[in-house]
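The two complexes that follow have chain A in common; it is paired with chain B in the first and with chain C in the second.
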Partner chain A sequence: MPEQESSRTLKVDYLARVEGEGSIFMRLEGQQAREVRLQIFEPPRFFEGFLRGRAQSEAPDITARICGICPVAYQMSSSHAIERALGVTVEGALRKLRRLLYAGEYIESHALHLFMLHAPDFLGYEDALLMAKDHPGVVTRGLRMKKIGNAVVELLGGREIHPINVRLGGFYRLPARSELETLLPELEWGLEAARETVSWTAGLAYPEFEQDYEFVSLRHPDEYPVNEGRIVSNKGLDIPVEQYDEIFVEEHDEHSTALRSHIKGRGPYLTGPLARFNLNFDRLRPPARQAALSAGLEPACRNPFKSLIVRAIELVQVFDEALAIIREYQPPPVPHVDIPTRAGTGHAITEAPRGMLFHRYTVDAEGIIQDAKIVAPTSQNQRIIEEDLRLLAPQLAALDPARATWLAEQAVRNYDPCISCSCHFLKLDIERV
Partner chain B sequence: MPLNARPGALVVALGQRAAGDDGAGLAVLDELRRLALPEGTELRALAEASSLVPLLETPRPVIVVDAVVGPEPGTVRVLSPAELARGSSLAVSSHGISVGQAFAMAHILYGDALSLEIDIVGIAIAPPNRYAEGISPVVQAAVGSAVALIIGLLTGEGHGSPPSLA
Partner chain C sequence: MAATAPRLAVWKFASCDGCQLSLLDLEDDLLAVAGAVEIASFPEASRAVGPGPYDVSLVEGSITTPHDAERIQDIRRNSRILVAIGSCATAGGIQALRNFHAVKDFVSLVYAHPTYIDTLATSTPISEHVKVDHELHGCPINKRQLLELLNATLNGRKPVISPHPVCTECKRKGIVCVMVAQDLVCMGPVTHAGCGALCPRYQRGCFGCYGPSDAPNTAAFASSLDFHGLPPEASVRLFRSFAAGAPEFRDQSLAIEESAKRSTSSKAGH
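Here is the complex of A and B:
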């Protein structure tokens, strides 16, 4: 075969519709990917260093600033980890309010990603603005859903971005039942809209692609996982969160300023909506499970592009749960449980919209943070994103440069990467030699 | 009432108080709340621009006040949606949309139902690089000019460039 037919260089300088700064480099030889690098070059943000020497009570507010779209996840993981270090458990209505707050964040994050960022890939538009001209209903539905999520977070969290009403042990101020009830009409609309979104996304065309993933997520005895559970996988992993450091490894690569995770002795794994869905299908609330079945989707779904449908199913889940929590809400007697000071180490994982968010803190007897470790979902998914691109190589090699770039970007967006969280923006270079 | 007054206007401030000078628009709104405004004027605060889109589907005049990154922090300018959209990337990030994108989106979605009178009062700030409550002295000094400009737009009186206009 002539050289020019077996080798090609494809270069894309900018991958839009993700958060953060980075690039992807691919070298293809024929149909094989010889090199795939998710290159993250955004400067490290040193939040773990900032936390050392600060009061334990500051951790939820400091870590919330790591991310503008998932601050609740940081607040929940930090609160749970420190509470575990102190032997504190938050139960009852306070626990449900935390799930409600998290539901608001899921609505914001999933609606923005599904409608504005990922749907254009499947409908053949470069961005949501171009898509809006032909599909105004899709965009207005997404905007209305996001607004509902904002309203939930604002009411419970005190403001839409970087909430200020979360503290160790619960909240500073509790909402009155009448305040929460103001959310009901829009949440009821949202539940129906989410069901329609599942049907709509199930009707889109998806690239043929699967791989034998190790899916990893939390699993709770009774509920779809949010704030607690054991770490499980489809390949036999079943450990308490406290053993995270024994099983998962974060390493630096030269081409990335973010840590990259893998399972010791096994390799990369996938965390996020697809993992939660596959490992917790039986924990979905009935409306969400029914929506999935109606869409023809049940475990094990190994096509990462179908994470679009899974996010819609999770929207049904969180709208339905938010409605239930508000309808059953009886204000607890106190807005927060007492928080002692004592030396200890605590671990927590909560399920952020993008996947597992691990926090570990060591605090001293005066309540000062001595050590902190944070592992964001995008750090955990970096290697599996590269693996997807490597396995997509035969398809990429068969496409013209523009289509290959489109498909590669779409594959990255399956993970809704927040590069700034793992510390990072994407630019795609594919070199074919 | 002067012909160029904006009766029943919606004044929307965008920003985050926790992000330093990004809260400039909210500081202007705080001042406006202390004043007697023309009847029917409504004041709203938003943390991010996606919530602005549906508000633009209205027959009412809309005035948006927001911090804009510019070379001369503390200057105040009236911009049109088109001017703002020109300086705005079309690439929506996973963390939200810009004000320029919000106007472009609303224009596409609502067409003729879009407010016919939209003004953006932009307060120039340096690129925000800190998380701190409160705005800097140079931006605080521009709040009065922005308020005067908005009052001028609402009443149709004194509409024009305040002394600190760039």
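Here is the complex of A and C:
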């Protein structure tokens, strides 16, 4: 009888419904977790190595290949960072088109995670296809929302995975107003569906769990953060992106092919939807703020399981924003601003669906990349995921092994971990000694 | 679902997850596919893992670690039909750029403790390790082609997938040649079709993400790049991107480097 053993191991050898390969190992002694390891065994691909010597113009296409789930995030962070190195800013309608493209990726990525990967945990299914048998309405609504996100990215980017229309300075080809307007009816349906998703997720049962997190996200003077802003936290951090390297440290340890971040002298922190929501509630567009309030969710929400509701709120936000951008769209005079070649270093963070995505490039006077650094959101969240599992130990110890494994996996999936990105995840081992 | 539904498995090696995401991106057809097969193993989508053997295995990613070189052998033994999907699985992927360098330099550049990292010197396609029944090209693959391939395989017929270059797709769609009309560098003449001539439709030259077409004349294409004044190092980068490990592109990139070296040394000799 497991509940009578004083100690045990909880193992998940291959974490499912996450993007990439990873595992969890936990050793429990009574109610205490003696050891918690999130192990990422995604084979390393060395992007920062082979970016050296490539043309600056290639960075958006090359770094997109770090992640098939959030390629737009990589295209945006790399473009912004190199543009800053070159002293270029992209404004007006081109900037709005970038936000529209990113909105498409948020819809696609959040709908995939919320409905296909995370919701089955809350309803007790192995996967969304099995869930579809009992909850066909929910799954088909999720798939339709996801498809709308794909349609936005496809129209603007050329295709939904690894779009081809993003370049330094803007785009290769501009969409006509009439093309974008074809998206309006589905986006209007999507906004309504996102509101319903907020109420639906708010009605699910959530494990009792909170932690005194340091939430870290971008903050922009007048927008919910996506493409730019200062780095802020609920514990006093407020710095420009250029100081990232001075405050955040990446460490390499033996059980992971992903680097793990922490704040110098302070420890682990949380990035992603929960952090954005808690730090930028006042910047949400009115429909999203209204949806949050009607679901009874206000900052500070410290239950990571409720990131499910926050993703639904962010879906309201991005559907609403996409509609506004298309309704106001007047094609800019040129598809991209001119890109010079000159030596320099540039930094950028954009808010990927999973959290802050940092890029830094040094380019030479011929436009060749001399140095690159990329920090993915899952690397940043790795240590806080382990902290969550450690604090969850008493609850895990009280459950039978199958339920304990399920809950531990669910806790990891709160972060929508993208292991392909961070290796640059998942197997669960809980050992009870 | 019939009791005899074919059993489908999806496997991942070094990759971005994008090609298997194409399966989830089938959206409207996803539930139909799920109804026609038993999804025996698909970790990205489900916790449930059924044991082999499998009727069809879709393999994403390239082989880059000693462990993965063994894992693919197991998968082959347990699969009746094995399909390599995407540029990583068919040509080594973008990570095959390591094949042109000493991998230890990359390891020490990215990781503080290189000894923790167990990696092979090269990134290689699945076909260099086991027999592959079908290959689907692209970075990422085209989801309609994936559906066609699944449909054909499950019905025991040959998939209808064009081996032609991207140029053929432009001509069929009546797209004005971006190389001729706009003087853009375009890899369409030597790149495998399947994307629907996407880049030319977006006022951009093809950058070869579907890898080489059948029997491409890469040498003639390389001399046209030279004729248009593209520096050799830029031509090398063009062949060395998302299908850098495909023999046709790899060998051409090496040939350009060789000839650039020869011409530098002959100039130095004058």
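Simple rule for what comes next: the second predicted complex is superposed on the first by the 424 of 433 C-alpha atoms of A that agree within 3 Å, B and C clash if a C-alpha of one lies under 4 Å from a C-alpha of the other, contacts with A are read in each partner's own complex, and residues count from 1 in each chain.
Simple rule for what comes next: a residue touches a chain if its C-beta (ideal position, glycine included) is under 8 Å from a C-beta of that chain, and two chains touch if they have at least 3 such contacts.
Everything numeric here is computed off the predicted structure, so don't read it as measured data.
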item	value
Overlay on chain A: chain C relative to chain B, clash or fit	clash
Which of chain B and chain C A:173 touches, first, second, both or neither	second
Chain B versus chain C as contact partner of A:50, first or second or both or neither	second
Which superposed partner A:416 touches (first chain B, second chain C, both, neither)	first
Touched partner set for A:58, first chain B, second chain C, both or neither	second
First, second, both or neither for A:401, with chain B first and chain C second	neither
Touched partner set for A:30, first chain B, second chain C, both or neither	neither
Touched partner set for A:132, first chain B, second chain C, both or neither	both
Chain B versus chain C as contact partner of A:160, first or second or both or neither	both
Touching partner for A:207 - first (chain B), second (chain C), both, neither	neither
Identified clashing stretch of chain C versus chain B [98-106, 116-124 or 152-160]	152-160
Residues of chain A contacting chain B in one complex and chain C in the other	14, 16-19, 65, 67-69, 112, 116-117, 126-129, 132, 139-140, 143-144, 146-147, 150, 159-162, 164, 418, 420
For the chain A and chain C complex, residues of the former touching the latter	14-21, 42-50, 52, 54-55, 58, 61-62, 65-69, 71, 112, 116-117, 126-130, 132, 139-140, 143-144, 146-147, 150, 158-162, 164-165, 167, 172-173, 251-254, 257, 259, 335, 409, 418, 420, 424
Complex contacts: residues of chain C adjacent to chain A	12-22, 24-25, 27-28, 30-31, 34, 39, 42-49, 61, 64-65, 68, 93-95, 97-98, 101, 103, 105-107, 109-113, 116-117, 119, 123, 139-140, 195, 198-199, 201-204, 207, 209, 234, 237, 241-242
Touch list for chain A against partner chain B, complex	14, 16-19, 65, 67-69, 112-113, 116-117, 126-129, 132-133, 136, 139-140, 143-144, 146-147, 150, 154, 159-162, 164, 416-418, 420
Residue numbers on chain B that touch chain A, as the complex places them	16, 18, 46-48, 50-51, 53-54, 90-97, 101, 104-105, 108-109, 131
